[in-house]
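Before I ask anything, let me first share the structure, which is written out below as structure tokens.
Letters A, B, C, D, E and F mark the chains as written, and numbering starts fresh at 1 in each.
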Amino acid sequence: MQVKEMIIEEDMRSLKLREDARNTNELRQIKVTKDFNIYAEGSVLMEFGNTKVICTASVSEKVPPFLKNQGKGWLTAEYSMLPRATGERNTREAAKGKLSGRTMEIQRLIGRALRAAIDLDKLGERTITIDCDVIQADGGTRTTSISGGFIALALAMKKLLKEGIIKENPIISNVAAISVGIVNNTPMLDLKYSEDSIAEVDMNIIMNGKGEFVEVQGTGEEATYTRAQLNQLIDLAEEGIKDIIEIQNKIIGE
Amino acid sequence: MQVKEMIIEEDMRSLKLREDARNTNELRQIKVTKDFNIYAEGSVLMEFGNTKVICTASVSEKVPPFLKNQGKGWLTAEYSMLPRATGERNTREAAKGKLSGRTMEIQRLIGRALRAAIDLDKLGERTITIDCDVIQADGGTRTTSISGGFIALALAMKKLLKEGIIKENPIISNVAAISVGIVNNTPMLDLKYSEDSIAEVDMNIIMNGKGEFVEVQGTGEEATYTRAQLNQLIDLAEEGIKDIIEIQNKIIGE
Amino acid sequence: MQVKEMIIEEDMRSLKLREDARNTNELRQIKVTKDFNIYAEGSVLMEFGNTKVICTASVSEKVPPFLKNQGKGWLTAEYSMLPRATGERNTREAAKGKLSGRTMEIQRLIGRALRAAIDLDKLGERTITIDCDVIQADGGTRTTSISGGFIALALAMKKLLKEGIIKENPIISNVAAISVGIVNNTPMLDLKYSEDSIAEVDMNIIMNGKGEFVEVQGTGEEATYTRAQLNQLIDLAEEGIKDIIEIQNKIIGE
Amino acid sequence: MQVKEMIIEEDMRSLKLREDARNTNELRQIKVTKDFNIYAEGSVLMEFGNTKVICTASVSEKVPPFLKNQGKGWLTAEYSMLPRATGERNTREAAKGKLSGRTMEIQRLIGRALRAAIDLDKLGERTITIDCDVIQADGGTRTTSISGGFIALALAMKKLLKEGIIKENPIISNVAAISVGIVNNTPMLDLKYSEDSIAEVDMNIIMNGKGEFVEVQGTGEEATYTRAQLNQLIDLAEEGIKDIIEIQNKIIGE
Amino acid sequence: MQVKEMIIEEDMRSLKLREDARNTNELRQIKVTKDFNIYAEGSVLMEFGNTKVICTASVSEKVPPFLKNQGKGWLTAEYSMLPRATGERNTREAAKGKLSGRTMEIQRLIGRALRAAIDLDKLGERTITIDCDVIQADGGTRTTSISGGFIALALAMKKLLKEGIIKENPIISNVAAISVGIVNNTPMLDLKYSEDSIAEVDMNIIMNGKGEFVEVQGTGEEATYTRAQLNQLIDLAEEGIKDIIEIQNKIIGE
Amino acid sequence: MQVKEMIIEEDMRSLKLREDARNTNELRQIKVTKDFNIYAEGSVLMEFGNTKVICTASVSEKVPPFLKNQGKGWLTAEYSMLPRATGERNTREAAKGKLSGRTMEIQRLIGRALRAAIDLDKLGERTITIDCDVIQADGGTRTTSISGGFIALALAMKKLLKEGIIKENPIISNVAAISVGIVNNTPMLDLKYSEDSIAEVDMNIIMNGKGEFVEVQGTGEEATYTRAQLNQLIDLAEEGIKDIIEIQNKIIGE
């Protein structure tokens, strides 16, 4: 009989909705290589599918001028892509002599997000710099940077605690991030580049370990979106972030 | 009798919830001075209380390289603050030799938002530059820039239509923006600087004339926020934006 | 009889000598909006016809390194044009990453001129920054900046006196400026852009309240000029500056 | 008898009015080394006392974009000081990554001045760059640059004529410059650094071979000056420039 | 008896001559991860001990202006270190807005060296960019970049050949590099950072597959060196480079 | 008879081997103008044929931050070319806003080389800046800078000794440099530009007064070179440097 085959074919098509056959609510494969860098206080190579970001946390015993003598620390982030992280080679920002608006926007976002993870008073007068260097980019580099940056941060805090440099762990809660978007009218989790580049709506959601929002950024450059769609996207993100936080905790706890 | 007085006092306190005695869902006074600049294709001086932004729309018969020979136009935005727009004088970015991350982030946001207002195919091979120059800043400069920038854009399109340079109005829909936030645990509309600087959550909402979202950006730097709070803030913004759009249409229609 | 008609025609010609029917020794309409900015210690919106400049005086309790611990103050000026201050939009200097030679030259001139208005010893160890932001440019932006900058300066000094921050007014004398030039062989006062752009000789004269020169700059790019012409131009300027100083004093005295 | 000695002493004092015993209307020793550079189309080492400037004229067969296809040429100038041209070593502008306002102002002045010497239509579509490199600075570097730059320019034009590249000499008239100033209430010609640094008024006068003004720039930073003083200074400059032009012509004619 | 023990101890000391117990003529462990980047035409992760460099070869179908329409290609190189590649975090050059002299010197060296490996005529009008990004630095980053950069280059040429983009392999010969130096008066091969930082003489030798020199750079910052020492160092380098070339060929041949 | 003619022809050929008829082991004419600059602590105009470099040594009573309070001095060098030092005019690096890689590489080389000439401990906490400004370039500008820079340095040290600022001469040994290269398969000493631009191998050798190497840099961009050739080139350089050191000592000793 034909009917069953038709159904199967239909399923196949729905499986093929995404180039890599993922479900719309499915994350790419996440791989975390702990202590990727022998010098940094904390470090990981964080991979979401083909997106690979080296995240290091560097601790310095100084604070920026606006925080001097307040007994309080600071956390800042920098983001960069290797020139051949993408299909076409990009000119280095160092060669151009300035950071692009995109880079500035992303590194400000990472910094804000990870400051929500830490009690700067407990950190004391020191600065943590989270460097996120994208060595391969296949979509979601900013959310991978945040999720990986948190692990590097947490590992650095463990090291400082162990060495007695700080007495109490200043980590308040996990912080993790994921992209969601509407592609061909379908809300989807964790867009890869080929999806992201045709998405009608692109949203980055950053949450903490208590299920609260740290930041929500949703843009519909070519299109706009309704409140119902906004809610669907947030639902998807909440699910994905829960899984990422589980992975973060497994790695940090090891 | 005491009761009435008590009620009145209660009212007074709630009025005093905001420094300027506004209700939590009340916009500041909006003032629009049309054709503020005699040279620009479209221009307004846009005021939300003490926040004053000169918005001009300049049309040039060129497109950026990535759009050449596609019969399609472009819209970009630039944002700047006069050095004494604020209580303390700031160093000019031209003197520092580079744009700050904040400026880059804001002008990218304004550009994205206003591109949602216009059909770039109908515009033809020309570029519209929206310049938003803040001459006085009391909170909400980016949302004032977007709401005023839309009027400048719409006025420029009317001029081009009238002069026969374009045949069809490329405006798709209004675009307007407002800030909302949580201050002392209370969700509020249209924060002024003294409120913004102590807000736990700060959100900028950009919507079009159909009540759809163009962009949602919500940050909780010192705090995080729940999904319920997110919904309350969006409710407030939807109300405010409706009023702004009404004002936009009155000015443009004149 | 022919004679009368000839005279009338002559009058007509002389009336038409300038696009806006001004006499050769006539200033454009001057408009001063006092306290245009609510934050600055002193401010005006200064208009000469269509040329509009926001002048603010900002006082900071610091001096540049070369003046430290000398009990003496400093005055400096910055000048900028909004991108659409002119018929064609100009690229922002902040976007180009450097100030043009023209901007540097003008802001050095404004600073030098206004330092002649003030006793820096009486000012004490503080720095006054005069910001001149041209929001519309129709010729004479540098002289408008100086004449308006002086008012902003004087208002700031009045404020400091009133607040007891300084004990004695450091203002020595008014400083005002005007452009003169030779257009179609005719010496003229206060050139607007359409005149300035075809002038054979272009001169900026800066004087104080005692009728002395602070600075004289006269250039004949396409032509040269004789000593007799130099004298005629200075005569015109002396007259015009007298009127500007009267207006300055009226505004400051209010 | 006492009287004669007194007179002699008086003379001595007046001779000592200037550190180097010059009369107030006396130029420093001028030395011109023709063809100082073997590559440039025209070049001199121009010396006014201890002020030494290498002036080269370079001709290129291109014009800036704004002059393309108009059959007309351009002349531009650049000015720089070697780091140890002065008593204290200065940081290189190339190392600082930008030109100072002073450099910009001076090179714009040199360019404007020398454009008055040449018929750009007769030059044809080529650009002359006058490079003025100060290898030792003892006051008057900008006027030395102009007076020497004119010789380099004239030599280059002779070379182009001789080689048949141009058919007619585009030089209209000599252009020469000198500084004058008021030092200790005494108007003086050709200030050296020790005089310039204490001058109440400092003026640069640029004239052509017909005794007309090309540019007059007079500044009284610490003081102001009367119209009578302005006239005295111009008298002094006229005299000095006549002598410089004579020297220019002797060198060029050789 | 004591004698034997003494001898053994002596041996021990000589073994301990290098922190990591290597012989003076012994290379660190070399590890090559082929095709480390999925986008680049050729790529490796090249490791010499703890020094790790990502080398990618990117091919573009353009040449720099000075080579246009000559049927000839170009090869250029860029070098950068991640901020935490070293024990202390370094400021990013992109953030500083300019490349350091060290970076410029190194990337010019890598480019020159690898141009010796390739026949630019056979390459045709295309440009190869070799990006060397140091993710961990323990001495010898420039020589690791050259040796790894050659592999990336060779792999890219194989790919172009296979795809029929070029008809003939433009590789002329291997190019490999190693550092040698004099540490505590002892000539040594392949210095790690702790050795390099105390070396009296530091030399980088680049050779091709025929045992010829491509570049020799030997510096004695704190000390000088004799011709005999120069010869000893070159002997060491020749040996080491032979081994590196063997490894290169094994990887490329796979 | 044939023999004599053959000999003559042979001579002719050997004379014609170099454009300027020099022997392959012959230096160009060296001219040193001592105390070329009246302000610098030490200065020369150093000429190798048509290559002319002004070398000045400036002493300041400061050290860079990394040397503070160590009782030790520093020596640094800067290098620049006047725009018309060469056949074609070059754009100024100050105008481009950054130093080229070539300039950086050269000035780092000059600094390293001359630091080998001086005992920085004996210098005390002061910095010597060697400025090398090329006013005419005909090959060998970096080696001319080093050889001339050493004289300027030695003269400055003599001055400091004489003025009692330092007690002991910190000069350890002369430092001099020369270029050698292989042109048309012939090893040659002191290449001029026309030779350098066609050289197969280009080497710069820097030595001290004891015949030891300070730095060896040999590049074969288009070709490679054998160890035998390396030795021939070093032989040539050793000879030339001996002569330069003799001249240095004669000038310094005067």
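Basically, contacts are C-beta pairs under 8 Å (C-beta built on N, C-alpha and C of every residue); 3 or more make two chains touch, one makes a residue touch a chain.
Small disclaimer: the values here were computed from a predicted structure and weren't measured.
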Legend entry - Option reproducing the contacts of B-C, where over half of them reappear, out of A-B, E-F or A-E: A-E
Legend entry - chain C-chain E separation of Cα centroids, rounded to whole Å: 62
Legend entry - Computed distance of Cα centres, chain E from chain B, in Å: 53
Legend entry - Geometric centre distance via CA averages, chain D-chain C, whole Å: 28
Legend entry - For chain F, residues that touch 2 or more chains besides their own: 97-99
Legend entry - Ring walk, chain E to chain F and onward: E, F, D, C, B, A
Inset, instruction - Flag every residue of chain D that touches chain F in the complex, lowest number first. - result: 37-40, 43, 50, 54, 56, 58, 60, 78, 80, 82-87, 89, 92-95, 97-99, 103, 129, 131, 133, 135-136
Inset, instruction - Would you tell me which residues of chain C are touching chain D in their complex? - result: 98-102, 104-105, 107-108, 112, 115-116, 203, 207-208, 210, 212-221, 224-227, 230, 234
